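So the structure is just underneath, and the comments pick up after that.
Chain IDs A, B, C and D follow the sequence of writing; residue 1 opens each chain.
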Amino acid sequence: MLSELNRGLHEECGVFGVYNVPDAASLIYYGIHSLQHRGQEGCGIVTVDNDGTFNRKRGLGLISEVFNPEILRSLKGNMGIGHVRYSTHGGGGLDNVQPFYFRHKSGNFALAHNGNIVNSKQLSDMLEDRGCLFHSTSDSEILAHLIKKNDETPRITAIIEALRMLEGAFAFLIITENRIYACRDKNGLRPLSIGTLGDGYVVSSETCAFEVIGATFLRDVEPGEIVCIDSHGLRSNFYTEATQSNLCAMEYIYFARPDSDLEGCNVHSYRKESGRLLWEQSPVEADIVIGVPDSSLSAASGFSEASGIPNEMGLVKSKYVGRTFIMPSQELREMGVKLKLSAVRSVVDGKRVVLIDDSIVRGTTSRRIVDLLRESGAKEVHVRIASPALTHPCFYGVDIPTREELISSRLNVDELCKAIHADSLAFLSVNSTLAAAKGRANMCFACFTGHYPTDTFLETEKF
Amino acid sequence: MLSELNRGLHEECGVFGVYNVPDAASLIYYGIHSLQHRGQEGCGIVTVDNDGTFNRKRGLGLISEVFNPEILRSLKGNMGIGHVRYSTHGGGGLDNVQPFYFRHKSGNFALAHNGNIVNSKQLSDMLEDRGCLFHSTSDSEILAHLIKKNDETPRITAIIEALRMLEGAFAFLIITENRIYACRDKNGLRPLSIGTLGDGYVVSSETCAFEVIGATFLRDVEPGEIVCIDSHGLRSNFYTEATQSNLCAMEYIYFARPDSDLEGCNVHSYRKESGRLLWEQSPVEADIVIGVPDSSLSAASGFSEASGIPNEMGLVKSKYVGRTFIMPSQELREMGVKLKLSAVRSVVDGKRVVLIDDSIVRGTTSRRIVDLLRESGAKEVHVRIASPALTHPCFYGVDIPTREELISSRLNVDELCKAIHADSLAFLSVNSTLAAAKGRANMCFACFTGHYPTDTFLETEKF
Amino acid sequence: MLSELNRGLHEECGVFGVYNVPDAASLIYYGIHSLQHRGQEGCGIVTVDNDGTFNRKRGLGLISEVFNPEILRSLKGNMGIGHVRYSTHGGGGLDNVQPFYFRHKSGNFALAHNGNIVNSKQLSDMLEDRGCLFHSTSDSEILAHLIKKNDETPRITAIIEALRMLEGAFAFLIITENRIYACRDKNGLRPLSIGTLGDGYVVSSETCAFEVIGATFLRDVEPGEIVCIDSHGLRSNFYTEATQSNLCAMEYIYFARPDSDLEGCNVHSYRKESGRLLWEQSPVEADIVIGVPDSSLSAASGFSEASGIPNEMGLVKSKYVGRTFIMPSQELREMGVKLKLSAVRSVVDGKRVVLIDDSIVRGTTSRRIVDLLRESGAKEVHVRIASPALTHPCFYGVDIPTREELISSRLNVDELCKAIHADSLAFLSVNSTLAAAKGRANMCFACFTGHYPTDTFLETEKF
Amino acid sequence: MLSELNRGLHEECGVFGVYNVPDAASLIYYGIHSLQHRGQEGCGIVTVDNDGTFNRKRGLGLISEVFNPEILRSLKGNMGIGHVRYSTHGGGGLDNVQPFYFRHKSGNFALAHNGNIVNSKQLSDMLEDRGCLFHSTSDSEILAHLIKKNDETPRITAIIEALRMLEGAFAFLIITENRIYACRDKNGLRPLSIGTLGDGYVVSSETCAFEVIGATFLRDVEPGEIVCIDSHGLRSNFYTEATQSNLCAMEYIYFARPDSDLEGCNVHSYRKESGRLLWEQSPVEADIVIGVPDSSLSAASGFSEASGIPNEMGLVKSKYVGRTFIMPSQELREMGVKLKLSAVRSVVDGKRVVLIDDSIVRGTTSRRIVDLLRESGAKEVHVRIASPALTHPCFYGVDIPTREELISSRLNVDELCKAIHADSLAFLSVNSTLAAAKGRANMCFACFTGHYPTDTFLETEKF
C-alpha cells in the first residue's frame, strides 16, 4: 500500500468555491491546498471580477508550484472556484486540468468536477452528432455542452435538464458572471459541503478546508440537489426526487483527510472505530501493532487500544519524497522504494507484529511491506485490513484497476495470506465497515460487493 | 512547536560518505535524502573518480530539486561524500553549501561538516594573519586551512594536528584522491556511524540511511576518533585521549529520525519511553492524548499507553506544505499557519486534552496550538513536554535562540503555563531525559542546565 | 522602427507543415524556427503518428524555450503542422497558442492560421446561436466549427463550404489523420508556399524555411486555392473563382525575411530596389547613409549604391537583447532603449546623414532615432522612408494601431518632418513600392491608400 | 566564421565598473550587457554598500537570464564591478564565474579579470608552497593571493608588487570597501577605458558601454597603469616603466563591437578601411560582394565601395538562434547549422561572388560557407580575408586552437584556397592590418607572426 504514489487506488479530484468573500483567489488557494491529497497532477482557479471578467490560471503540478502571490493577485474578484486533479491514464496534460472555461455570448462560465459520468460515451456521441467539438478527453466537458443556451430557458432550468441526462458520480461547481451552482449526483457518491464565511459562502469537497480558512460548516449539499449561491443567498433545487445516500465507502476508508467530517462522521474517528471493530472481529496474539503510514495510523491506534497491544512506529515514511525520478538499475530503484517507506529494525526485531492496512489492491505492496518487516527481524506478521476485500472495479471516479488486477477477485483469503507472505490475514466485514460510521444507514460498497447504485452502461462481459 | 519551519530549533547539517561502492553518487543521493530532515537549505555531493578526478555538484534547495539522473551520472566514481545544510542566519547562499572543495598541488580534497566550532574566530584570525583568504562565512572552511600541506608531514598527522586546534562539536568527512577520513569531536556531541555495504563502507550522521541503501551497521565513530577508510580497510586514530560521551540530548528528543539508532538506542523507542516517564512524573486526568505531529507522536503514544488515556489525532499536519510564500495580509498569513497544522474539531470538541510536545522554545507556537485546541472546543488543555525546560543557548550547532528569547529562561513553570494558556504544564526531568535512553551514562544537557562540556570562548556577559 | 519589440507594426503568425517526411517534428521545429520573426509569443507543433494518434505541444515563449529533444522525440509521426504566434492585445495566453486541436468522432483534426478574419463577429454569433462553445479568443477557432461534420459531406466539400463563409486574410493549414489541407484566401493577402523534400511535401508561410531543411521550392498556393496533400500527392481545389493577387505590401517592406522569395520576388532584392527608387525619387546631398537595423539595411544599401554616398554602420543593435524587464526609473528605462539601439559617435559626428527606415508608425521611434543621431554629433539628418505614408489601419492581420495613432493620418509630410526633428523627409510613392517588385501587377496597399480588397464589416465611423 | 558559437576564436571576458553613481548595479547590468559579446558562459556583479557590505550575484548563462529587477535591487550601493565570462575548455562551472570575492580581516575585496596570465603555473606553485588553497581553476584567482595583506604595506604598494609578478595580458578591476583599482598590463594587450558619469566614474573593456549609460569617454587606462578611483577622484600609478602599446589586433578585427573605439580608433571604421585596403591589395572581377554576418559586414561594405561591386545580403544569419541542443542525426544537425546561417539563392544564383570574412581558423567553416554559396548557384567564389593568415596560438586570452589545428600553419594560400573550395583566396597583409587603424604605431600580431611581446613561459616544443 505504501503510498498514494503507487497503491493503485486514487480519488479523482477535489473542488472548492467561494462566493462574496474578499480576495477570493487566496481563499481558494488555501481551500484547494487543503484538498491537495485528492489530486496532485494539476490544479486551477477561476475567479470572476466585479465587472464580470473571468480570471484564470491552470497548471500541471502541485498547487505550490502552479501559484504564487503575483498570480493570486492577478485573479481578482470576490467569487471563484478551484480544482485539484488526479492524473488518470489517458492523461491529456494541461488540456484536462480544470476548471474548464467556456465562452458563449449568452454568458461565459467555468466548471469544476469531481467524480465520473458513466454514460459519457453515449452523451458525447449525441453531442458530436449535433456538431460539438471537444477539447479535453475529460467527461467533465460534457455538462457544459449539455446545458441549453438560449434566451427562453432560465439557466437553472437548463442546468436541471442537463443534469438529468448524466448518470454516475459527481460534485459539480459551475460559476457564471454572478452566481455559483453546487450540484451533487442523486446517489450522493461524492461529498460536497457548504460553509459560511463572513457574509459569504464556501463550498468544498471536504470540510477540512473550512478549518483552515476560518469558515463554519453549514450543511452538506444533498444528493440530487443544486444549490444556487448568489446575491439572494442560498436557494435549493433538486433535479430529481429519486435520491439516495450512497456516499463512497472509500472516502471514509482511504481518501478523505482524517480531519474531515463526511456527512457528519469524522474520518479519523471512523478509522479508529474500524480498527477497534477489526480487533473484535479478528483478534490475534502479538507483541506490537504497526500501522502503514499515513492512512492506516488511525485504524492501528484503534486496534491497539482495543487489544492492549502496544502501537509502535515500525514503519517510517519519508517526509521529503516528492516527485522522484527513475534510477537506472533495479537495485537503485528498490532503494528508492525504501527511501519512501522503511522498516525500523530496532522496533521490529524479534517481535510478533500485527500490520494494519486499509486495503489490498494488487497485493504487491502488501507483500513488499510484509517482507520488509521480516527482513528487519519480525518473527510473525499478521495482516489486518480495515475494510472488506476489493473485488470489483469502481465506475464513479476511484481509479481501481480492472477486476483481473484486483488480487481479491482471484484469490480467497487463505490464498492471499500466502501470496503476501503473512502469517494470518483478515478483512473487516461489510457490516462493520458500515457500523464504523456510527448511525449511518448506507454507503456505496460496490467495489466490495459488485452492487452498483446506478446503471453502469457497460456491456456485461467488460467486468 | 508546529514544524521545523518555524520552531526555532534546528540541527545544522548531516554528512554521508561511501567508499568502494559502485555508483557512489546514487548511494550518496539516497544517503543524504535520508538525512534531509537535518537540513533543507542546500546540499551537495563530491565523488572521486578512479583517476583521481573530483566531480562535484552543489545547490540551494532540496535534494530532489538539486539532483537529477543526468547529474548523478556525471558524478562518476566509487567513493564520495555528501552534505545537507540547514540555513543559518548570515546565510551566504551557495558559497556556504558543502562539501567544500579545495585545490592544492599536494592533493585536492573536499570536506563536509556537521556541528559548530566554538573557537572559529580565534582560528580564522590566526589563519588570516598567515595570509589565508576565505570564501564562505562557514566555520567549516577553517579545518581545510589548518591542515598542514607539505611533503614532510603525513596527511593523518596533519589532520590530527589540525583537529587538536578545534574546540566544539563536529562530525567531519574529508575526502582525498584515495581515502575518506571520518572525524568526531572528543565529546561525541554530533553522531557519526559506520556501516558496511558489499566490499565497501558507508559513513552517516544517522543510521536511518543504512536501512535505505541496504548497508549493515558496523559501529559508531568514537568521540575523538579519526577513522581512515581506504584500500587497507578501516584504521583508527585518536587525536586526543581526553574523550567523553556527551551526545547532544536534542538529537534524541527532536532532531533525529525515529528510525535511527543513536549510539545503540532507537530514537522512536527513546521518545516513547520519555512519554511513559512523563506520565509517571506528571500524571493528569483527561479524555484524550494528542501529540504534536510529527516529532511528538512517539512520546504521545508512550504517554497514552502508560496512562490508558486514548491517543487521538487531534492535530493534523498537511503533507503538501513545501516552500511557502508570504501572503499579503495578516489574516491570510494565519490561514497559512493553519494550512500547516490544524485542530480537528470533531475529535477535540468537549474533551479534556493532554497535549504532548517535545519542547518549548519561544512559547509562541505552544500558545498558538493550545489556542487552536480551545477554539476547536477543548475543555481543558494540559501540556506535557517530553524534555526539560530550555534555558540556555547551544554553541554546538543547534540553532537555539538567545537566552532572552528562550521563554523558560525568563518564566518559571507556573508563569509559562499561564503564558501559553494551558490548564497545567509539566516538563520531563533531566534525570528522566537521560533514563529514557536506557543504560546510557551521560549526554550533553547544556541547553537545559548551562553546563557546557567545552570552553565556550565567549565573554561571560554574552549569555 | 527600432525593433519588432516596440515598433507597433506586427505580423500575426507563421505556419509550417510537412507531409510524408521522417522525423516530421524535427523538420517542423526547424521550419517554424525559420519563421520565428513572424511571432514570438508562443508556438506549437502537432504531428500525426502512423496509427492516427495526434501528438501535441504548445507553449508560450520562443521555439528554443518551448521545445527540446525529448519533446521532439515524443512528437512521433511523418506528418505535422506548426505555428508561431505573435502576441496581440487581448492576449489569452496559452489558450490562444496554435495549432488548435479538436476532437470529434468523425475524425480529430488540428489547424494553424496566419491572418485575420474580418467577419469573425458575425460568424461566431451564428455559431453560438447553434450552441457552439469557444475556448480561445482567437478568430482561428471559427473555421473548425464552420466545417460540417457528418457522414454525407466529403471533408473537402465541408472545407470549401466553410471557407466560402470567411472574409479576410488567411493562410490555413488543417491536418487530419491522413491529410494536410493548405488554404489561402481569395485575395492572396498572406503568403503560403509549397516545397518538395524527398518523397514528401512541405508548406510554409515563407520560403526561407525551405533552404534550412533542404527542401526545394515547388510553387505558391494560389489565392482561393485549397491544396490537399495526402498519399495521392497534391490535389488542387478552389473555393471560389473570384480571386485576385493582393499580397500584403508590408510583407515585402517589413515582415518577411530578406532570404524569402514572395511570389517569385526576393525580399532583400525588393528592398534594395526600393532604396534605389527612393534615391531617384527623393535625392539629397549628404556624407553618409545609415539604415535602421535590421529591416532597413537592404534599402540603405540600395540607396547608397544608387547615390554613391557611403553606407555606414551608424546605428548598432544589440544581438543579446531578449526578453527585457521593466527598470524602476525613467532614466534606467531609457538606457534600456539605448541598449537595444545606439548611435556610433565616431561614425556620425560632424556628418550629414541620410537615415533610411522602412516605415513611420507613431513617429515616436523615428524622432528618438533622429535625436540619437544628433546627440552623437550628426550635422543634418535627412529621413527617407522606403514605403508610402501609413494612413489606414489593417484588418488582415497586421497589428497597425488605430487611425488616430498613425501619425501620417494626422500630419502631412512637412509637419511630420518637423515632428520627428528631421532636416528633410520623403516617402516612397505607391507606384514605386509596386515597381520595386519588378513585374508585379498588384499588391494590397490598403494601409497606405484605404482601398481594402474585401468588405471590412465595420461600421463607417469606426475608422 | 559563422558565429561565435563555433568559430574557434574567442575573447575571454569583459569587465565593467562604476564608482559613485546611484543604482550602481543597474548601471553595471547595462554595462556588462553591452559587453555580452565578449563572453556568454557566465556573468556576475559585486556592489559595495555605503556601510561596506559586499553584495554579490554570479550565475551561468546570459546576463538577461542571471539577473532580474529583484536581484538588481538587492545589489545595493553606489560602486561595483561586473564581469562577463567566456567559456574556456576545462570549464569549472560556477566556481570560475567572476567577480571573485575574498574575505580577509584586513578588508574584503572582489576582482574581475579579462586576459590571461602566462606564468600562472609558476605563481600558483609558489603560492601553494606557502599554503594557499585555490577554489577555481582560473588564473584570475592568483592575483588575490599575491597581494600582501598586512598592516604595514599600503594597499596600492601591495597591488603594485603583486602585478610586477604577473606576466601576460590583463585588465583587472579590484574593488575594496571604498575604492576601485583599474589595472592594465604593461603591453596594453587588453583594452580598458575610463568614462565620467555625473560625479562618478565608469571603467569598461569597451567604450560601447559608455554610450548606453550616457557616460562620456575620458581616457584609456595606459599600459602598465593602475588607476585608483575613490573619494579623491582618479589617481594614477604605474607598476612598471617598461610599457608598450601592443593592443591585440584581433580586438579590431573580430572581437570588439563596431560601435566601440579602441585607443581612439572606431572599430567599424577600422573594418571598413581594412575592406578598402583588401580590395586595393587583392582586387578581383565579380558581380557581388557578400560579407559573412555579422563581424565581416563592415569590411564587405568597404570592399564594395572601393571596388564598385554591389554589396548584397547573400548570407542570412538567424536572429533567434540562442542556446541550441544537439539533434540526434547528422542530417538534422546540418539543418541546425543552416538555421544559423543560410545562403540566399535568389541573390547568389549565377553570380561571381567575392566573399569577405575576417579570418580563417580551422578552415572547416570557410569551406562550408563556400559550399553553401555554390549550392545556391554561385558561379565563382573569391574569398578575401580582412586579416593576415592565423599561424600561431595566442597566450593572452584569445581562445585560438593549437598550431596543428590552425589550417594556415599547415597550408600555404594556394593549398588553402583549394581546401576551402574557393576560386581565389587572399589575406590582408600585416602592414595593411596595422594601417587600417590610421596613425597607429603598433599592435600585437603574435598570432599572425609568432612574435610574442612577452616571455611565454612555455617550453619550445609546445608550440
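One rule holds for everything that comes next: a contact is a pair of C-beta atoms (placed from the backbone, for glycine too) under 8 Å apart; a residue touches a chain by one contact, two chains touch by 3 or more.
All values reported here derive from a predicted model rather than from experimental measurement.
Student: Just grab the chain with the largest centre-to-centre distance to chain B, centres being mean Cα coordinates.
Tutor: Result for max centroid distance from chain B is chain C.
Student: Would you mind pulling out the distance in Å between where the CA atoms of chain C average out and where those of chain D do?
Tutor: The answer is 36 Å.
Student: So what's the Cα centroid distance for chain A and chain C, whole Å?
Tutor: Once rounded, the distance between the two centres reads 49 Å.
Student: Let me have the rounded angstrom distance from the C-alpha centre of chain A over to the C-alpha centre of chain D, please.
Tutor: 61
Student: In chain C, what residues contact two or more other chains?
Tutor: none
Student: On the basis of the stated criterion, which chains touch which? Give every pair.
Tutor: The complete list of chain pairs in contact reads A-B, A-C, B-D, C-D.
Student: Note which residues of chain A are touching chain C in the complex, please.
Tutor: For this pair, the touching residues of chain A are 94-95, 101-106, 124-125, 128, 130-135, 137, 144-145, 148-149.
Student: Which positions of chain C touch chain D when the two form their complex?
Tutor: 23, 26-27, 30, 33-34, 36-37, 40, 62-64, 68-69, 73, 208, 211-214, 257-259, 261, 266, 268-269, 272, 294, 297-298, 301, 304-305, 310-313, 316, 318-329, 332, 335-336, 338-339, 342-347, 376
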